[in-house]
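In what follows, chain A forms one complex with chain B and a second complex with chain C.
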Partner chain A sequence: MPLLKLRESQIMKIHYLTGICAIFFVAIHILFRIGMGMSFNESLEYHNVVANYHNIYYVILLELILVFISIHGFNGLRIILLELKQNQWWESTITILVLAAMIGVIAYGTRTIIIGSQL
Partner chain B sequence: MGIEPNSDNNSSTGGDIRLKSGREGLMGWLNPTRYGWERVPYWLQRLTGVGLLIYFIGHIYETSSLVNGINAWNSMLELTQTTGGHIFLLLVIGASTFHTINGLRLIFTESGIGIGRPGRPDYPYDATSLNYKQKSGIWVALLLATIAMLYGGMVMFGDVN
Partner chain C sequence: MSEETNNIKLKVYRTNYNKEESPHYDEFDVSVKRWTTVLDALLDAKSYSDSSLGIRYSCRMASCGSCGMKINGKPRLACYTKISELNDQTIVCEPLPNFPRIRDLVTDFTEFFAHHKKIEPYTHNEKVPIDVIKKDDLVEFKQTPEDVDKYLQFSYCIKCGLCYSACPTVATDTKFPGPQALSQAYRYTADNRDSGESTRFNIVDDRHGIWRCHFAGSCSNVCPKGVDPALGIQLLKGHLIGITKNDKKIATLRSKEE
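Now for the complex of A and B:
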């Protein structure tokens, strides 16, 4: 019995959707580094980055990027690993490990976003 | 590729069959023969994907130094905002652009867009789905990745804001 109650076709739709959304979100994220009337290096100065984290829309954008790329990236890794080997044990193990890593990365990134917005 | 009855659970007991050597694993994945030019973007899509995932995790760790104050942030910048760090970032820009454009091509392909109409398989049995649209899509992805890297280089090493 598959570990997730999702068909592979449904997972692929999520994979594509998160990928397409990530393109737009990351484009806006990059514009904050090179399109705000200051140089790339200036935009990375501590007070400028903290100011970004005080913008609620930017904070929401960062969280969306974090979640969407984590889902897309770790599912991509799962797909690659399932291409290499196929059996029930391998599929379940890889799915559990990838989900655990994804949740860990999202939790760690969310912690930074929350603390950063309160600096 | 040999197929043999599963000795633990043979056909007389309604058992399944087990592939003797049907799995090629990593070597099959890396094998460049049999697949043609399309194997290159197949590799690149996966290699850039794994590379970008590693960068993403590193970027989250790098950014987390923000919460430890200005000194921790500046120490991290001293590590990353170097010539080597910028060259690494250029590779990330190229990888992400290729992964994006080639990924969009794959989404279109899986949706049935750009693969042409099915046709009778005549000698030399070229797949009709691997047509000029697919091939040009691959080249466009490589070209845009190069342009993005050039622009990124001008931003990081030049005067472009």
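Now for the complex of A and C:
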């Protein structure tokens, strides 16, 4: 599987870039909560959240946050687990499981975003 | 000035894995002066109290890196640590962490040197023709002081293993090369006589390679020679990830006529 044959420096480059991008987009997401002409609590009320899902730019923002945080977070988990044991079977199993979990979370989150936005 | 003597308690970790001796601490009362080092105190205990005390040492001047041990909780060279600077009446000596133990304060450096050897810690330079060496024309590489400054501090490494024993990643990941080997990989990468960075990058750019360094910085904190292995590792990461441009110009040879 070509993705598993990425060099560690390439994986870490993706890790750092997704981390930086996640910080940037989460900051925009939080600014939306406090800069919409209403209080933070009000912006989290059901109808306001649903209204956000009907804004295509916000939907794209949420999807990007989901993808970046999933890649960054699951690779971080892979790194932690790699240090627990050092053998080929463990390393390959962890890499495949973490990759599968990451795809699963992105797929489920995307489904939620699509349903919420009624695209 | 009269030399005042002070009595301290030396608490030494004792075990012998070959005899399946259970680990315990032995205490020795040693009389020390202002300049007495931990190694002097240990040798005093070995000479006058218990000759079976296992210690490894050689140069007594922080050059050979043989007498590394954990002194009062921190990896240090016994010959380079004065009792007076520890400000304690009880000095606890234990073997270096992260190393297999052999006997008492003596640890096994086989794995440590294997990691060092793996990164090919010597100058690769395919452009140097072998026949030049045979003709005895090869004199030296041309290097400016600025070129030397790029790697000089990393060449002060005496391979004492203190950084390796302080590294939290080495404690959990046995395949991790450790700060010593990785900083030496940078030392040769920064050296403009060397052209083997791609070979070395392939070695360190591994699942258990350089990227498992979490920049705790404890390696730099314990180095007795003032080397900053954590800095070398971060600089090498910069090369691997492409942030740092590798604009190194390979040094040319100076002929005898020059």
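Here, the second predicted complex is superposed on the first by the 115 of 119 C-alpha atoms of A that agree within 3 Å, B and C clash if a C-alpha of one lies under 4 Å from a C-alpha of the other, contacts with A are read in each partner's own complex, and residues count from 1 in each chain.
Please note the rule applied: a residue touches a chain if its C-beta (ideal position, glycine included) is under 8 Å from a C-beta of that chain, and two chains touch if they have at least 3 such contacts.
Note that the structure is a prediction, hence the values are computed from the model and not measured.
Enquirer: Have a look at chain B and chain C on chain A after the superposition and call it: clash or fit.
Expert: On the superposed model, which is not a single observed complex, chain B and chain C clash.
Enquirer: Chain B or chain C: which reaches more residues on chain A?
Expert: B
Enquirer: Please work out whether A:Gly116 is in contact with chain B alone, chain C alone, both, or neither, and reply first, second, both or neither.
Expert: Touch status of A:Gly116: first partner only.
Enquirer: Looking at the overlay, does A:Glu8 come into contact with chain B only (first), chain C only (second), both, or neither?
Expert: second
Enquirer: Please indicate which partner A:Val50 is in contact with in the superposed arrangement: first for chain B, second for chain C, both, or neither.
Expert: In the superposed model, A:Val50 contacts chain B only, not chain C.
Enquirer: Is A:Tyr108 contacted by the first partner chain B, the second partner chain C, both or neither?
Expert: So A:Tyr108 only meets chain B here.
Enquirer: Considering only touches as defined above, state whether A:Leu84 meets chain B (first), chain C (second), both or neither.
Expert: After superposition on chain A, A:Leu84 lies in contact with both partners, chain B and chain C.
Enquirer: Of the partners chain B and chain C, which touch A:Leu99 in the superposed model: first, second, both, neither?
Expert: neither
Enquirer: Once the structures are superposed on A, label A:Ile28 by its partner contacts, choosing first (chain B), second (chain C), both or neither.
Expert: Neither partner.
Enquirer: Scan A:Ser39 for contacts with chain B and chain C and give back first, second, both or neither.
Expert: Only chain B is touched by A:Ser39; chain C is not.
Enquirer: Give the stretch of chain C that clashes with chain B in the superposition, choosing among 114-122, 204-212, 222-230 or 240-248.
Expert: Only 222-230 shows clashing C-alpha atoms.
Enquirer: Could you pull out which residues of chain A sit against chain B in one structure and against chain C in the other?
Expert: Looking at chain A, the two contact sets intersect at 12, 16, 83-84, 86.
Enquirer: With touch defined as at the start, can you tell me which chain C residues reach chain A in the complex?
Expert: For chain C paired with chain A, touching residues are 169, 172-175, 201, 205-212, 240-242.
Enquirer: So in the complex, which bits of chain A are touching chain B?
Expert: My answer: residues 12, 16, 19-20, 23, 26, 34-35, 37-41, 44, 46, 49-50, 53, 66, 69-70, 73-74, 76-77, 80, 83-86, 105, 108-109, 111-112, 115-116, 119.
Enquirer: Considering the complex alone, what residue numbers of chain A touch chain C?
Expert: 7-9, 11-13, 16, 79, 82-84, 86, 91
Enquirer: Could you pull out which chain B residues touch chain A in their complex?
Expert: Residues of chain B touching chain A: 23, 25-26, 29, 46, 49-50, 52-53, 56-57, 60-61, 63-64, 66-67, 70, 73-74, 77, 81, 96, 100, 103-104, 107, 110, 155-156, 161.
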